[in-house]
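In what follows, chain A forms one complex with chain B and a second complex with chain C.
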Partner chain A sequence: MNVSRLATTALQYVFLGTAAFLSIFPFIWMVISSTNRSIDIIGGRTGIGDAFGTNVANFFAQVDVPLVFWNSTKLAVLATLLTIVVSSLAGYGFEMFRSKARDRIYALVLLTLMVPFAALMIPLFMMMARSGLINTHIAIMLPTIASAFIIFYFRQSTKAFQTELRDAAKVDGLKEWQIFLYIYIPVMRSTYAAAFVIVFMTNWNNYLWPLIVLQSNETKTITLVVSSLASAYYPDYGVVMIGTILATLPTLLVFFVMQRQFVQGMLGSVK
Partner chain B sequence: MAEVRLTDIRKRFGALEIIKGVDLSIEAGEFVVFVGPSGCGKSTLLRMIAGLEDISSGELTIGGTVMNDVDPSKRGIAMVFQSYALYPHMTVRENMGFALKFAGMAREEIDARVNDAARILELEPLLDRKPKALSGGQRQRVAIGRAIVRNPLVFLFDEPLSNLDAELRVHMRVEIAKLHKELKSTIIYVTHDQVEAMTLADKIVVLRSGVVEQVGAPLALYDDPANTFVAGFIGSPRMNFLKARVAAVGGGQATVTLTSQPDVQLTLPIAAPSVAVGDAVTLGVRPEHFLGQGKGDADVKVKVDVAEHLGNTSYVYAHVSADERIIIEHVDVRDIASRETLTVAIAASRSFLFDKDGQRLR
Partner chain C sequence: MAAGKTGGLKRYYDLNGWLFVAPSLLLIAIFLVYPILRSLYLSFFSGKGMMMKFAGFGNVVRLWNDPVFFQALTNTVTFFIVQVPIMITLALMLASVLNNDKLKFIGFFRTAIFLPCVASLVAYSVLFKSMFSVDGVVNSALLAIGLISTPIGWLTEPFWAKVLVILAITWRWTGYNMIFYLAALQNVDKSIYEAAKIDGVPAWARFVYITVPMLKPVILFTTIISTIGTIQLFDEVYNLTEGRGGPANATLTLSLYIYNLTFRFMPSFGYAATISYVIVIMVALLSFLQFYAARDRS
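For the complex of A and B:
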């Protein structure tokens, strides 16, 4: 190995090492802080402390953890499943069926990606209010179900789905919905796994819209609760960090369980 | 097995007509090959028979029943695709039995049929593997097995050997021929490879731009092509076409001279003369029908560009004039070199005459 190659390799390692540290540091800091008292955290203490048990006890005393977790899980899982069903059907339809209107409708769908959520917030809130859905979980799920990005992702991935499989299934006697159910879904399972991870994370971490719509403590999700702890008059950062860890765990779990298929699915969509 | 009849079958995409009125009779048990260059409509026609493309107009019958609007699965057909189209999440056994299971057949009957097909195609050791663990040839056999188990009236093959390497293609070609002998079923087979068409077919249908150019037995097409397109498509290497002019007509024959070498004269029989003296015509000579100097009815001088020696034979790429290139097959001579001048003979009995529109003058 000559000097310039050695230098290049070293530079690559330095860059990747820095990037890895910047990515992992907030997690490390979160875990360390959860063992310290609020005053130590504000004081800049970076060592592991002895207040972990106290922080956990305080968190459980202040928050109805089972209810909050149930709200978040129910919302994230249901919204994710609905999004994936609706968006994969749309992606499949856009790719498989030819019509003159197809590309125009698809362009319209993609255009919705350009509209920031902030511009939709008030009209959406008014729609929900008129429908009597304020402070319900349905109001959180409805706007997320038809996701332009996930429709785009499924359509791109469907390009890799052999059309001859669809023809073979037709000759075998399958109707379109059966082709979708028995052939398309199993063949595209990596795509579904990747979409599940992305949509689940988005829904689990969803903050702004639930903040506007959910008004009673009974309906609130973990992100709202952690945020309200952090914005208290005297926030207890040790307790906030316990909440943050608990809020992070499900997304980490989903990612690690589906990591292999997530990578395959993401590769498939850009091939 | 069943007969298939196509009557004035047409396919339109908006104003564009892809299949332009095909009439065709395929007898029960016949092996028919649709052949033609890319974009000629052969796969579209097959997909219309399968029910994967709508028929814009005309009538399709299979076994005497009109099938225009019948679901693909109820037409009594089974199809083998170019890409095999095996379901990747199912094992070989599941792939082969899927259509039967879906049709509600009893498990014992499915197993019996799958095992039977697996025995015929020597797939027994592979039944529990998934398609990704199979070679190209094995996948193709599974695709054929999947068709066999359905016990169809008509087998449809859509360029089934295109994805295989040359050696395997020859092997599978023989396997398909054996299978047809064994099953005695009606087969419609699409290919762009005229060697596959010649070796497999009872009847070849040559298509160009959605029109049937000629239908006939392989050797009939080779010996008696209807036009320059069929003459050029059937036979490998393709037929040579030389520009010529009619010098004399009468007595059931026409004498032509080559435009590039007017001293070369050839007299061919024409039953009903539709040409006059001075008309431009085309003389067709297959590479394998050139003879040694003085052994035919007329000698032609050619300049050699390249000679390919394959061992059993040699192909000489030469030109008669600046814009008329020809291929000559030489079995005996092995020492032809480039830039050499060669004299070869043409026999009237092995030459074909075409009018200015490319139609055969018989």
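For the complex of A and C:
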């Protein structure tokens, strides 16, 4: 009995250990490789090399790093803020002001979660081209602002918002928009934090739509730069690794600082 | 008088209700509803670039005779049929092991296994491409432990390229699914497991007869979102294969084919829109099937 119990425990550790190692390894690989020459990276070298300085210098020579980073940050932060404002208004609205018509519309909004982006991108591209918005960051943001998933998330979370607070505010003569601004937002700040983390990650990592719309070097994001560096005929993997580190660092940082909110944001839907 | 007052109040609240949801509805109408209908409309037109003429069901006929389309369809279906069950099983196993508080370093394991979710799809695809090169670190490791005797052409052989894509997606998304199961397991009463243990029910049977049925709604939810995600697979295959879906179209997915038809070659908007509707129909059909299969038979 005891032996089999011990064996089970050992097996569990081996299973978890293997999974954890495989999960972390690519990150370690990324850091080690950033110190190696391209030829060594492709050759599977696992030791730390001395090419880190060269790789960084080459990366900065090939890429306008401040501009690219600014593009990514500006896009991700702005799009995230807009998404959260617009979608939380809707989540609040759908939950607080129930009506038959709006409940039906809400069901339709949820249905749009299933719409594949591939079926939208051609008309969206034509629409942006006609409006002269190709190569602009506005074109990237516009289709992402109203997010069915975030509306859903806020509506679910609003169910926990105490209506007594709203009733009391109404007695005090606050208007509906004031209640939202001065009571709902502060009370729900952890919901907002979680939504921020999840939407920021999505926007920072956004790829296909920017790939279609952003065609000049002045507007490109870090994700696009990494992708184009890596798809060269003979990619310099040393340089590529610096790019992947820069592309991963902000999301990694956000994750470690706001781990709880991140998980909460992800799970928002299955409460 | 009283009736008139409540009527006015009702109208007032209804106006507020509409105001709160209006910005979202407007944006969804313009950037989601209009494009999806427009895609349907476009699918009845053929021609290159902006020169389009009405073609009726011409695109469907072209689809039917397009071997590349069928290849992309087969690849896409292969990916989700093989990958989703592997990933869901793996995630469930990890979650049920991690749900044991008595194990040490639980926090570390949980964070480590979840970490891939933070990687951008482009960044990890690029990392995988460098790790799976012919002389790369993965082949070296497999050779060293004697699992293979000659290096595998992960990026050059059609079969192994498919395996690589499946490995890559599994790496990226298993931890994501695991978190949903962990959260759900936290709500399952621990005493059920204790009782089963005392009755001598082995671990695998507890997993099959307690964990899986308890988590059925979450499993259904994650299966649906994973399937929808895999049907739309694009970033990974694009970045593993320089946008070609190679070798020999072995990793070409429907989304990548649509992208190539529209933005790489001379654009055939109408035909690409037709293919995008194949994805729409697949997603709708599969979601319906999964709901139907998992409905409560009471």
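Just so we're on the same page, the second predicted complex is superposed on the first by the 246 of 271 C-alpha atoms of A that agree within 3 Å, B and C clash if a C-alpha of one lies under 4 Å from a C-alpha of the other, contacts with A are read in each partner's own complex, and residues count from 1 in each chain.
The rule is short, and it goes like this: a contact is a pair of C-beta atoms (placed from the backbone, for glycine too) under 8 Å apart; a residue touches a chain by one contact, two chains touch by 3 or more.
None of these values were measured; they are calculated from a predicted model.
Q: Taking the superposition as given, does A:172 touch the first partner, chain B, the second, chain C, both, or neither?
A: first
Q: Go through the superposed model and pick first if A:65 touches only chain B, second if only chain C, both, or neither.
A: In the superposition, A:65 contacts neither chain B nor chain C.
Q: In the superposed arrangement, which partner chain does A:187 touch: chain B (first), chain C (second), both, or neither?
A: A:187 contacts chain B only, not chain C.
Q: Touch test for A:164: chain B only (first), chain C only (second), both, or neither?
A: Touch partner of A:164: chain B, not chain C.
Q: Would you check which partner chain A:255 touches, where first means chain B only, second means chain C only, and both and neither mean what they say?
A: In the superposition, A:255 contacts chain C only.
Q: Examine A:94 and indicate which partner it touches, taking first as chain B and second as chain C; both and neither are also allowed.
A: Only chain C; A:94 stays clear of chain B.
Q: What is the contact status of A:81 with respect to chain B (first) and chain C (second): first, second, both, or neither?
A: Neither partner.
Q: Which partner, chain B or chain C, touches the larger number of chain A residues?
A: It is C that touches the greater number of chain A residues.
Q: Which chain A residues contact chain B in one complex and chain C in the other?
A: Shared contact residues on chain A (touching chain B in one complex, chain C in the other): none at all.
Q: Which of the residues in chain A come into contact with chain C in the complex?
A: Of all residues in chain A, those touching chain C are 8-9, 12-13, 15-17, 19-20, 22-24, 26-27, 29-30, 33, 41-46, 86-87, 89-90, 92-94, 96-99, 102, 105, 109, 112, 114-127, 142-143, 145-146, 148, 151, 176, 180, 201, 204-205, 207-208, 212, 223, 226-227, 230-231, 237, 240-241, 244, 247-248, 251-252, 255, 259, 263, 266-267, 269-270.
Q: In their complex, what parts of chain C are in touch with chain A?
A: Answer in residue numbers: 13-14, 16-21, 23-28, 31-36, 38-39, 42, 93-94, 97-98, 100, 103, 108-109, 111-116, 118-124, 126-131, 133, 135-141, 171, 174-176, 179-180, 183-184, 203, 218, 221, 228, 231-232, 234-235, 238-239, 242-243, 254-255, 258-259, 262-263, 269, 272-273, 275-277, 279-280, 283-284, 287.
Q: Could you please specify the touching residues of chain A with respect to chain B in the complex?
A: Residues 162, 164-165, 167-174, 183, 186-187, 189 of chain A touch chain B in their complex.
Q: Give the list of chain B residues in touch with chain A in this complex.
A: Listed in rising order, the residues of chain B that touch chain A are 47, 50-52, 71-74, 77-79, 81-83, 85-89, 98-99, 102-103.
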